[in-house]
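Order as written gives the chain letters A, B, C and D; numbering starts at 1 within each chain.
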Amino acid sequence: MFNKVLIANRGEIAVRILRACREVGLETVAVFSEADRQALHVRLADEAYLLGPAPSRESYLRADKILEIAQQCKADAIHPGYGFLAEREDFAQACLDAGIVFIGPKPSSIAAMGDKMTARDTVRKAGVPVVPGTEDVGDLSDADLLAIAPKIGFPLLIKATAGGGGKGMREVRSLEEMPGLLQSARREAESAFGDGNVYLEKLVEGARHIEIQILADAHGNVIHLNERECSIQRRHQKLVEEAPSPFLDEELRQKMGEVAVKAAKAVDYLNAGTIEFLVDKDRNFYFLEMNTRLQVEHPITEMVTGIDIVKEQLRIARGRPLQYKQEDVKINGAAMECRINAEDPYNGFMPSTGKINHSLLPTGPGVRVDTGVYPGFEITPYYDPMISKLIVWGETRAQAILRMRRALEEYRIVGVRTNIPFHQTLMDSHRFMGGQYDTRFVEERFSIQEENNPQQQEIAAVFATLVAPIQTARAAQFVQRNERDTSNWKWVGRWERMHR
Amino acid sequence: MFNKVLIANRGEIAVRILRACREVGLETVAVFSEADRQALHVRLADEAYLLGPAPSRESYLRADKILEIAQQCKADAIHPGYGFLAEREDFAQACLDAGIVFIGPKPSSIAAMGDKMTARDTVRKAGVPVVPGTEDVGDLSDADLLAIAPKIGFPLLIKATAGGGGKGMREVRSLEEMPGLLQSARREAESAFGDGNVYLEKLVEGARHIEIQILADAHGNVIHLNERECSIQRRHQKLVEEAPSPFLDEELRQKMGEVAVKAAKAVDYLNAGTIEFLVDKDRNFYFLEMNTRLQVEHPITEMVTGIDIVKEQLRIARGRPLQYKQEDVKINGAAMECRINAEDPYNGFMPSTGKINHSLLPTGPGVRVDTGVYPGFEITPYYDPMISKLIVWGETRAQAILRMRRALEEYRIVGVRTNIPFHQTLMDSHRFMGGQYDTRFVEERFSIQEENNPQQQEIAAVFATLVAPIQTARAAQFVQRNERDTSNWKWVGRWERMHR
Amino acid sequence: MKYITSIADKEFSVEVLDEKHVRVNGQTLAVDFMEINGQPVYSLLIDGKSYEAYVYPDENDWQVLLHGSLYQARVEDEREKRLRGNTEAASGGGEFHLKAPMPGLIVSIPVAEGQTVQKGEVLLILESMKMQNELKAPKDGVVQRIRVQPGQTVEGKATLLCVA
Amino acid sequence: MKYITSIADKEFSVEVLDEKHVRVNGQTLAVDFMEINGQPVYSLLIDGKSYEAYVYPDENDWQVLLHGSLYQARVEDEREKRLRGNTEAASGGGEFHLKAPMPGLIVSIPVAEGQTVQKGEVLLILESMKMQNELKAPKDGVVQRIRVQPGQTVEGKATLLCVA
């Protein structure tokens, strides 16, 4: 049992975890970098401690400092969120060594799933289908890989053993281009994970990315909460997720769920985790990897199952049995999540920094917004560009899409560019509405540049024409405002006298 | 069938209705007063038309103007929301006469329930229990009422026949004080409803206000969506509502539901409506009145039943049968609503006007905020002081209370005073937590002034001491800021040259 | 700088040592104090505990709204406190000017000029935001100079009457 | 005042008649135009239809983000439009200065000075917000004056290189 939880993270997920803790009566401790003194997780926590300067490696990645703070403030549990230290087995181990509950899996499970080649091997032996690829565990030289490649066949993927987030991943179409790609993949992996090892996997074309949420307690109970469809991606970054998947039928859903439970059991899994699969056009599915932590997109599962995954994580970490049995888990309606990022969809999705001057959140029935920012908060270049997650629920998938459209239409964020227009265009796309998409859809068959809409162009022209003189005259107005504001002038006069 | 809905209302309910219309593909028309040009319902609607000056009788009560706009813009349905024209049978009739669908009951049902004495009489004849009181329909003179009063017994209530919202209501403890109270009740009723008629009802002491939500379609189907407990009131204004009621058991719930359906059928009811009951300590229940419209507190029923009441209203108005049968209606978990009003709980709940400079909405799992305001919007004295409705859902009542506490703690509204501290104190009150309260609880047994908390006092002292010099020095800082801002000086210099 | 800050009947000695430290009643505390977003919302970390409060000026005092409780605080240095002691001893009561807390319509004035009223008695009913608001006497006294009449619309902060 | 407003290849003649009316391509429309809350968010009622858009200046143009679509608009009176026509005819292309759109770390510069690049070719990779962002050439040209090197941290708006 524990009473005070240190949340070793920032942004929306720190706030999400803090809320769950507060709602079950646990005290909360936030940690923050110098850039985050005014962040929402600091404002809302019971306690908050400075970690260090803004860069992650000097703050949110400082495992030593975090443990030191936990011990000083007598936090008896740590929730790592996602990213940062969430999948570092050494950090999980250090928590245990310090007598602090790590709200997540055992270090050995993190290790087993963290090395992507070991993971493939482990689950394959447990009878879980994997994508064909390199099968030997161990460091493979470029020569080894170039020899194996033709046996796997092209196209194939080079993937980083320490993997995740598409870093160090390269698509290879022929043997000729492979040496160069191997080199750049290793370099990227080395810089991202400090580990340049890579392996090969057959490229499954036209595949969908579908994952299964797992919950496992300390009493041997392992259940799954069905799937999330995450094929809407750009550069291996998920942008939209939905549950249930429009592609699965009840039979495949059940089969994938059972296999996911098997994979989790293969590494003696504890707490919440996610098994990612690729599903090809013929409904064959292959294990991709396991994320041994809470996922960004967990809320859509919460909305269709009614199960609060973070509260379940806390229960499990306290050694209590799961509240739910497999047969209690039902899917009710449909949920969808759009990741709202500070990036400009009209300019190559370039990240956008700046102060959020004004924002208007969509609210009302069936809408949930998870965010760590607020009007007045500054989006800095130090951390990922996600501003918020817009999550909706509907009785059917069609109703969820309609609700998402209305929520996106309502959402206003001023001060940074956002990808809201991307999501709006996507929600209007016939292929998306039809559920006909795979992981390449956004990059290959989707464009935010719509056909001309002459009526909207005319409206836009009126807007521009009316705004132009206002903005151009603003400086002149400034003088006029000063003219009227006598209190201002009084001060200015005094200042002038002082400096004459 | 209809395609374009004019929403004859403002504020959060106009936004709520607009969202439902948009999510089912209907076009929306907003109407607004001069004070509401920047209101959220105007910003979000497809079309928006000016009604007139700020006072309601020159804008939102201008039935003629609203119908004219509807006809000009070819709106083929009108949703009246609550308040304003929602319970005016002449308005409902005028809509029908103009060939516009009125999204609500038939004019005859509004009339039958609008006159509170007729309503009592009608439902009593249908076998619905009513509070003992004057039974004859018609205008009763003061002499009549003074003669009847002793037969009913004291304490009793004087109530306005045209009734609603506690206007023209007076509690009478003895015959002596009755003439004076009759006079003031009639005066208030006359000014509020243009009708000074009153009647008498026995005062049920220690009673709870519990209401049943009804849905009735044009095909003779009438169902109820169970109860809402609304006993947390101040001056007959509801402040907090919850569903289900902590006071009802399954047997009473079912009985009250059946009686409510009977009452609705007695007036040939159509669309959404609510039967209000008083329930005494011994679990006897009495019909109070029927609200022939959407209620402010409808979202808590939506959250526990999963039924979108406004979408159902639209379905019914389109002549479609109800989507649900009585046996489909299940209660899942518990929901609670706090009405967030611009009023100062530390100063006699005095309304507070002003600009909302900054606000931070609580979000996250199980939280819904329905609001018509946003940062920068001005709360004017023309309309009711409700800023928003904070609604939460929890798996149990206890979890809903914990979640409401966390949401209230997160909520920030700067610029006007709000009753958030009242709600916070209420959520901490042991009697509320225990579900032990009646309609007098807030006024008689609840105080926002807590016992002294020396530790919090010390923190407050530190806050005040640190803020005082900053605010006092603000004027001086202003000069320093100008000193740095050279672009500013450039303009000032030019202005000075121009005016020399 | 050392202040004496009074809340209810309690006095706190608060000394601002430097940007990051205060001494409260002799005990030194680490503080990290910050205004949020140019609003009267302040974030304060005291020895790691995170608090947020609204702090508004209110005549000579400060209102601190903290975790759902409102505290009325007076912040004075020692000289100011001494001075106030003398002034309060010297003066006694004074006039109270009832002002409209917001724009509205005067519904009724249940008192008349020259009438003696007690603290808490209703002086005037003002309708605003669809509600009838009772404005009460904050002290015992005699009603003087009623400047408005029922049916009249008034602006916010308009003086309505006086109790002396 | 009469303007010629161009969006993509279309031109709209927009005449502001008075506060409440504009004439667009000869047709008079009732408008109610308003800035929301001091932000670059504008509300416009045109003959009753309610629109809201973000409008940002962008060099000589205006970016209008309306219902999930972005429009690049140029607003000119007739004299300005004539002038521009002449200028554009006279000059041809000009230099493009690649600036850092945000602070970040230069990861790599896949081009060298003197190298010929085509429109759309990657000039530089800038890491920011945990992402590697490809900055591309907006036109054909020759790379000149590379002012940064891989591993270097740059401020927002810093000039990185030039394509002439």
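By definition in this document, a residue touches a chain if its C-beta (ideal position, glycine included) is under 8 Å from a C-beta of that chain, and two chains touch if they have at least 3 such contacts.
Computed from a predicted model, the values in this text were never measured in an experiment.
Student: Taking touch as defined above, what minimum step count separates chain C and chain D?
Tutor: Contact-graph shortest path, chain C to chain D, evaluates to 2.
Student: State the pair with the higher C-beta contact count; candidates are B-D and A-D.
Tutor: The comparison resolves to A-D.
Student: Hey, how far is the Cα centre of chain A from the one of chain C, in Å?
Tutor: It comes to 47 Å between the two C-alpha centres.
Student: On a C-alpha centroid basis, what's the spacing between chain A and chain D, in Å?
Tutor: A distance of 31 Å separates the two centres.
Student: Could you give the separation in Å between the centres of chain A and chain B, each centre being the mean of its C-alpha atoms?
Tutor: Each chain's C-alpha centroid was found; their separation is 39 Å.
Student: Going through chain A residue by residue, note those that touch at least 2 other chains and give them in order.
Tutor: Answer for chain A, listing residues that touch two or more other chains: 44, 358, 374-376, 409.
Student: I need the residues of chain D touching at least two other chains; which ones are they?
Tutor: Correct list: 37, 39.
Student: So in the complex, which bits of chain A are touching chain B?
Tutor: Residues in contact with chain B: 15-16, 19-20, 22-25, 44, 299, 302, 306, 308, 332-333, 358, 360-361, 363-371, 374-376, 395, 399, 402-403, 406, 409-410, 475, 478-479, 482-483, 488, 491-492, 494-495.
Student: With touch defined as at the start, can you tell me which chain D residues reach chain B in the complex?
Tutor: Going by the criterion above, the answer is residues 32, 34, 36-39, 43, 45, 48-50, 52.
Student: For chain C, which residues are in contact with chain B within the complex?
Tutor: Per the stated touch rule, the residues are 1, 3, 5, 7-8, 10, 12, 14, 16, 22, 24-25, 29, 31, 33, 35, 37, 39-42, 44, 46, 51, 53-55, 57, 62, 64-71, 73, 75, 101-104, 128-131, 133-134, 136, 156.
Student: In the complex, go through chain B and note every residue touching chain C.
Tutor: Listed in rising order, the residues of chain B that touch chain C are 342-343, 346-348, 350-353, 357-358, 381-385, 408-409, 412, 414, 420-421, 424-425, 428, 450, 452-454, 456-471.
Student: Enumerate the contact residues on chain B facing chain D in the complex.
Tutor: These residues of chain B touch chain D: 30, 37-38, 42-50, 73, 374-377.
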